[in-house]
């Protein structure tokens, strides 16, 4: 493997590492907001794999770029929904906490 | 104009309209229902290999929409569910009736988003496009689940998010590897090398999480049981099916040449365990909606139990049809069951099975809807559920798969155990509770769905024929010649 | 030289990601996340993907960062700790082992895929048909316009989903105000916001305009617009609209609606989302402008959160 | 000949079913009228079919439900035997049920499902393929369940659970059996027995065990009989039908079909399956009778008597000789009309006099003489006293046993008759010869409702007498059974 080809894999490999890192963060972190951040790291890693492998000689494939842009927008939309759910849940917990004890969640 | 586009465009247009109209948004369902049912009928009636490229941009770059058997069965079924749920929810999500007006307003655009998303998912062959449709459906699903319990909704959301990302990772690998993510092209080019196998693995894993196959089902029962009845109906009937259909497309179309039999048996084994575990859990539930939710866990198992049966069958067309019929029948029956359960629980203002005592007399129509749905879910004849399980059992016996056959039989019996329990309580004679008379229009929705699930049992040949349209080679087989054809 | 730069950049990306994930103080973690996002943008620039770089910096780093900071302050106001919450050691160990194995397999898979220019030649061949120069815009709004159309509905749906979370009494009020509570900060933000909003408008319009030929486009423009709105709201220059405001509703749906209408017009003339010959560029620009407006408003409201009863400031 | 007549015959009860479900309680009169009317029409149609089939006409209706699985309704002689029994008894029971319930809760539901049961039982009888048979067999389970739990008390609900557990497990076994056979030899049509020569004997035996075991649940073969006594919690018209016609007969009928129309006598004999089944049936006969002697409750005693008596049919079928076949088939009818007489009477006694236990029967003959007279005829018939119908069955079965070199069958029959006498005669003794507890004035046939309650039993008692006395007339069950045997099984 020559230097240039191995360097060609530099960004996708970084992306792979980010995916692993984010996954570890998602599993080991407890607070959902931090998990949300971890999910964003995973997403960034995936995009880097996709985009990084589309770098040819001198020209970068626009096709994965377009997919990545779509992916980034979807991911920000989901992050916003997640953040809103987390804050609303905290509000509800607080409201329930001031009124009475938080009812236990059903189901295993 | 083609229903392939309109089936997606129309719900999205209704979503826009309901956002603009605001307070009166619920009225749109009256226009959407006939329109969508007509479009679904048009889809079914299209010539056998109807397909076209969006904007006429060629593959591998463009996106192919196709009316295959899967779409022709699932799109109409989905539409029926949405129509019934929409008409049922009319009352529950009207700005006047309740104080929770945020729900009353947002339920309708979310419904249309989910509708458009699932239709888009069934019609497209592009794996990245599927990612976007999954997100459309998941978003609406999460919001609906959160209407019941925010905590369960958040749990669902995070899990669904990771599931989507796993799927996206697979798509990214495939896009980089093959420069296309179209299933029909991948079917030609796919090779069993590391990136491909890894991609299939992570995509399948991500989708299994979303489809809640045992042991990845943990999020489903709390989310489905807590949501308002119309939302539960959509979550259990419609949402989980999309993930399944994508797995089906991946395993039998895009990567039919790559997937190993052992993997098929792994999925089949998980399905078998799901049937047993979900049924036993359902038997143990004290609350009606939890019971119905665990029944979803069990019933989803059948969908995956079918995988090895399809791949080993001398004539795969039959188990292939069986699994699609099961998906359709479960869709109709489960939606009916959740709606009927919602009516009954609301009437008695309780949530436990024991609260239903005497309801067979007080609410005969709702109990009938529940019972008809139970018949199809248990796989008793005549019903769509029976047709599906009959064909699966036939395939299992034909292949000498004693284990799968045994699971199919035991699963059916366990299903009867948990589904006849609420019915039995409802039939108990302890003084019928005083409840408001059933609103005929509201009970019509679950009743019609359940009756359809049962009626599917009479249309076996038609369903098999539909399911074989543009079926992937791995699932196609010569149907036995019929006299006079 | 370049290789060394790329290597350092990648190491920094990994380093900032690590810190962002595991920093005890969440505010600092978010700060590192924003740095991480910007480094990612740099990586995209290095890869020659300017469009993605813009989107990553504006959306991935900017909007997401603001969102996380805002959520943090709301949670803190509610008295909730955003703990780093070390999981049980055995779980961490197991997770670390599993993730390492997974990463190794993924890396091996990535290494076995040769980077190439993929569909670039195909796209180059098709570009003359639509009359725009930026191939990414071509893919987003012509060749794979269907993805983008659905994606615009995802964005809209996300906002509806957030609205659905509103407390029973809060509908249809405005989201909790973003106004800064510190008077000095408010003063600065106020004047800055008043200044920034028109600038953002102009910049967004410009980004969309050049987007057809040069890097830029509806998403990037829309994000800039959203940034302008948010700053103005923080400084109190503009208030957040009620969710039943009909002007708001129309501006939210404008982009998806125009996109859908043009798509359906294409279907009436032949094929869904096909542009008749010669009109492609005009139609694309129309779609992009309306999308940019809707994306700007939607993103701003996504950050602002669900309608609220109480005023919780920053 | 392809015709919709069989389909119409099967689906006809849907009309009163729907009417019953839909009509409000205050229109109960219309409901009763519709039920009676359709029951009558069915009797007429069947009478016409009897005539046609006798002259050799072959009627069928076919529809492909799934590839390789036809839904086939076919009117053959055996089918007609069962159909005529069920339409006749249904008419009788409908009249009885109207008198029995009067105005009670949940009657719409009762009559609705009652008609669905008729539908299923007719379907079972007319089924031309194993799959069709299974469909109706399962439908029968579903339609009878609401009837079993009709009373809604804890006892009925428990009975319903037990009933479902037994019967669903049984039909699952049967389904596996027929699917297994289908994958080996193709479609299983009763008129065209499949060629089993290529199938290994062990497999055939296993399939036979699965199918007959599954069917044996409904036929209440020991050890699968447990549901039947429990199901006594149901109201009398239901018990009467479940035990006399629908459910147990469907099982026994299925076993007859399996032996004669699927496997064929030759294969059954070759595999040596007859003797073990005959032994099981004999054991059931004796065991059921013994248990019946031990019961103190009338309905329980009758239930165990049913367990015993239904196995006569299985015994006849498993002996695979001409006389045994005739004995078994004719008992299908004879047991039906005799047992329904007994149940109808028991229901009338408990409904009007509150008599539930054997010990309460003292002097019942004086208080309800007509009812008790009918009861006595049924009981004597069960014991096998000539000239009541039961004697004919036992006579043919005994000769059949001797023909098949199974002379022990005669011993079984004799033992069973003794036991029958041991549990029926004390009842008759108490009813006729002991004084009633207190002389309550009771006019048995006072009102129309009373007459509707009592007269059906009189009719069936008369029928059981007639079936015995006029056994050699051209339309007697015996003649028909001989016809079946000649046309089908003794070639």
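Letters are used for the chains, namely A, B, C and D, taken in the order the chains are written, and counting of residues starts over at 1 for each.
The rule is simple: a residue touches a chain if its C-beta (ideal position, glycine included) is under 8 Å from a C-beta of that chain, and two chains touch if they have at least 3 such contacts.
Just so you know, these numbers come straight off a predicted model, no measurement behind them.
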| item | value |
| --- | --- |
| Distance-to-centre winner among chains (Cα means, whole assembly as reference) | B |
| Pair joined by more contacting C-beta pairs (B-D or A-C) | A-C |
| Centre distance in Å when chain B and chain D are each reduced to the mean of their C-alpha atoms | 42 |
| Euclidean distance of C-alpha centroids - chain A vs chain C, Å | 13 |
| For chain A paired with chain D, centre-to-centre distance based on mean C-alpha positions, whole Å | 68 |
| Centroid distance [mean C-alpha coordinates] between chain D and chain C, Å | 73 |
| Junction residues of chain A - those touching two or more other chains | 12, 19, 36, 47, 49, 53-54, 61, 63-64, 67, 70, 74, 77-78, 81, 85-86, 88 |
| Touching two or more other chains - residues of chain B | 61, 128, 132, 135, 139, 142-143, 146, 150, 169, 173, 176-177, 179 |
| Complex contacts: residues of chain A adjacent to chain C | 3, 5, 7-25, 27-31, 33-34, 36-38, 40-41, 44, 47-49, 51-57, 59-70, 72-81, 83-88, 90-91, 93-94 |
| In the complex with chain A, residue positions of chain C that touch it | 3, 6-7, 10, 13-14, 17-18, 20-22, 26, 29-30, 33, 36-37, 40, 43-44, 46-49, 51-52, 55-56, 59-60, 63-64, 67-68, 70-72, 74-75, 78-87, 91-92, 95-96, 98-100, 102-103, 106-107, 110-111, 113-120, 123, 135-136, 138-140, 144, 147-148, 151, 154-155, 157-158, 161-162, 165, 167, 217, 219, 295, 299, 302-303, 305-306 |
| List of chain B residues in touch with chain A within their complex | 61, 128, 131-132, 135, 139, 142-143, 146, 149-154, 157-158, 161-162, 164-165, 168-169, 171-173, 175-177, 179, 218, 221-222, 225-226, 287, 290 |
| Partner chain B, residues of chain A touching it in the complex | 12, 19, 26, 32, 35-36, 39, 42-43, 46-47, 49-50, 53-54, 61, 63-64, 67, 70-71, 74, 77-78, 81-82, 85-86, 88-89, 92, 105-108 |
| Residues on chain D engaged by chain B in the complex (per definition of touch) | 21, 64-68, 105-106, 109, 134-135, 138-139, 142, 145-146, 149, 151-154, 156-157, 160-161, 164-165, 168-169, 172, 175-176, 179-180, 182-183 |
